[in-house]
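Chain naming follows the written order as A, B, C and D, and within any one chain the residues start at number 1.
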Amino acid sequence: MSLLADLLTIVGVGAGAFFFLAGTVGLLRFPDTLTRLHALTKADNLGLGLIVLGLLPRAGLSGGLKLIVIWALVLLASSSASQLIARVAHRGERER
Amino acid sequence: MSLLFDIVLSLIVVALAVRVIVAEDGFAAVVSFAAYGLLVALAWVRLYAADVSLTEVAISGGLAGMLLIGAASRLRAIDARAAAQRSGRGVRLFAALLSCGVAGGLGLAVLALPDPAPSLAEAAVANLPPTGVGNPVTAVLMAFRATDTLLETVVVVLALVGVWSLAPDRLWGGRPGAREHADPNGPLAFLARVLPPIGVVVAVYLLWAGASEPGGAFQGGAILAATWLLVIMAGLSDAPATHGHGLRWLLVAGPLLFLAVGFAGIWLADAFLAYPTDWAKALIVAVEVAKLLSVAAALGLLLLGPPRRIDTP
Amino acid sequence: MNGFLLFAGSLVLAFVALGLRRVLRGPGDADRMMAVLLLGSGGIAALLLQGVATGMPGVIDVALSLALLAAFASIAFAKAAERAPDEAPGETS
Amino acid sequence: MTAAEIFGLCGAALVGVGVYGLVIAPEPLRKLLAFNLLGGGIFLLFGAVARRGAGAGLGGDPVPQALVITGLVVAVAATALAVALLLRLFEASGDVSLRNDPPPAPEPES
């Protein structure tokens, strides 16, 4: 059981770190503001979710609940925030 | 392994600080500063100071970021003019030498700190039971060095009086900021409906946890203030008129209750700001609740700025 | 295992630092605001890894506060850009 | 090297950066940020001292930590007051220069 939990932690955290790498590569390689925003929010939030998943077996019940709440809050906040930022960027590009 | 983390973190923090100074326009500097604040919160965790980290997150992640981003975009018009006044080479050389001297001296002092380090940790833990709280930082803030905390709540109110007094006479007592409007179906209004209940719960939780674990009135108050500002920015609620008696009583409730408990301590426990042993935890929690509300109101109003409009009946 | 978690935390921090370098260069304000978003998710990931690995009380609460406040700077930015529609906020400077 | 030493040195470097910015930055907003960096460096020095004072089952000395919490709240209140002053000056004169020479003619606000 604990071997399985450790395996879940390693796979989850490793995959999460990989998605953070992917997000950074996207930021470095993508050509304009909106695509970079896309790379950042999708990849990093997926990475955070995988890390949360990997940490769940080590966090206990109330700690695990908090982890899930944190991920839900980040999803909510960063999707709305990226929408707001994208509107500003879009308007700036149209006016040029 | 954790040393690697510390070194990477320190290097990023210093690099961001340098960017704050050398960035080409004010907005870039302010964003670098906000990023720097969030990373410093990580550094506080590495220094085993979760209470400080919570304060840093609430203040630089929430309040200072909002304040400075608003200010930078309003001052953008004069950015270019200010950049034209860049200091001469002599001044820059002098400043570089001065800052290297100061930083080098402090760095040497850090490396030469006495060993074993002087510490009040033992004394703080030994005197924890009479206060009834389990978090030594809260005990220091509310009991061992309560004078500092009392004066600090007063300072926040004084800063607010300073901000309000910047308003022209005819606007005294009016509402701060412009009346905000937002698309009622847009993402901002959505966030302003979903986040405030969670923000209130987190603020109360931090206040309550502060008695035994990291957390406390300042952290909760700063989060409450940020939540309130979100509702105002989304146009769901208007900023309050600053002449309201209820609002003004709310602002001074924390310091007043703190003072009252402090004076009561003179004859209940033989010293100013001392707590009678049986009542210590109840009194501390009561003062913390009042402080939470006052700090939240004061910080929120500080960010809204001086009064700008009078209600026309 | 804790060493692995701390290493993963350092790795995430390094990726975030690389991303920060890129977004802070601009060219527009919107790009720069992404720095705060980036630290929202990356900083929380690093905090959670730290908190679970060291078991220090309160670290998860720090991450919770950060998650709650992650959007606030972007909101202030959007409001400020709305207030000054005569300047093109997307790709200035 | 310990974490306390690393972040202590980081704090010293931040103080240096803050002093430099405070002297050379022409814009008052930048000076305000530099001042906050300087203060943040001092807070980190406090944090290093607190970490070295770990004992009695605590990871750090709670007294300097509590002082830093007080300091952070006072710093943000002072920053808010300074920003309000700055914006008021900008509204009144259309400029926020700290130079002694007469400011350029105020522009009408848009």
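In this text, a contact is a pair of C-beta atoms (placed from the backbone, for glycine too) under 8 Å apart; a residue touches a chain by one contact, two chains touch by 3 or more.
Predicted, not measured: the structure shown is a model, and the values here were computed from it.
Asker: Between which chains do we find the greatest number of C-beta pairs in contact?
Answerer: Maximum number of inter-chain contact pairs occurs for B-D.
Asker: Could you work out how far the Cα centre of chain B sits from that of chain C, in whole Å?
Answerer: 19
Asker: If you average the CA atoms of chain A and of chain D, how many Å lie between those two points?
Answerer: Each chain's C-alpha centroid was found; their separation is 31 Å.
Asker: Quick check: how many Å separate the C-alpha centres of chain A and chain B?
Answerer: For chain A versus chain B, the centre distance works out to 27 Å.
Asker: Which integer distance in Å separates the CA centroid of chain A from that of chain C?
Answerer: Comparing mean C-alpha positions, chain C is 11 Å from chain A.
Asker: Provide the list of chain D residues touching at least two other chains, using ranges where the numbers run on.
Answerer: Chain D, residues with two or more chain partners: 59.
Asker: Out of chain C, which residues touch more than one other chain, so two or more?
Answerer: 29, 33, 40, 56, 61, 64, 68, 70-71, 75, 77-78, 81, 89, 92
Asker: Send over the residues of chain B in touch with two or more other chains.
Answerer: 2, 46, 48, 51, 74, 188, 191, 195, 198, in rising order.
Asker: Write out all the pairs of touching chains, ordered by chain label.
Answerer: A-B, A-C, B-C, B-D
Asker: Of all residues in chain B, which touch chain C in the complex?
Answerer: Listed in rising order, the residues are 1-2, 4-5, 8-9, 12, 16, 19, 23-25, 27-28, 31-32, 34-35, 38-39, 41-42, 45-46, 48, 50-51, 53-54, 57-58, 61-62, 65-66, 69-70, 73-74, 76, 178, 180, 188, 191, 195, 198-199, 202, 205-206, 209, 213-215, 219, 223, 226, 229-230, 233.
Asker: Which residues of chain D touch chain B in their complex?
Answerer: Where chain D meets chain B, its residues are 1, 3-21, 23-27, 29-30, 33-34, 36-37, 40-41, 43-45, 47-63, 65-70, 72-74, 76-81, 83-88, 90, 94-97, 99, 104, 107.
Asker: Contact residues on chain B for chain A in the complex?
Answerer: Of all residues in chain B, those touching chain A are 187-188, 190-191, 194-195, 198.
Asker: Can you check the complex and tell me which residues of chain B touch chain D?
Answerer: Interface residues on chain B, with respect to chain D: 2-3, 6-7, 10, 13-14, 17-18, 20-21, 26, 29-30, 33, 36-37, 40, 43-44, 46-49, 51-52, 55-56, 59, 63-64, 67-68, 71-72, 74-75, 77-79, 81-83, 85-87, 91-92, 94-96, 98-100, 102-104, 106-107, 109-111, 113, 117-122, 124-126, 136-137, 139-141, 144-145, 148-149, 152, 155-156, 159-160, 162-163, 166, 216, 218, 222, 295, 298-299, 302-303, 305-306.
Asker: Spell out the part of chain A that touches chain C in their complex, as residue ranges.
Answerer: Residues in contact with chain C: 6, 9-10, 13-14, 16-17, 20-21, 23-24, 27-28, 33, 36-37, 40-41, 44-45, 47-48, 51-52, 55, 58-59, 63, 66-67, 69-71, 73-74, 76-78, 80-82, 84-93, 95-96.
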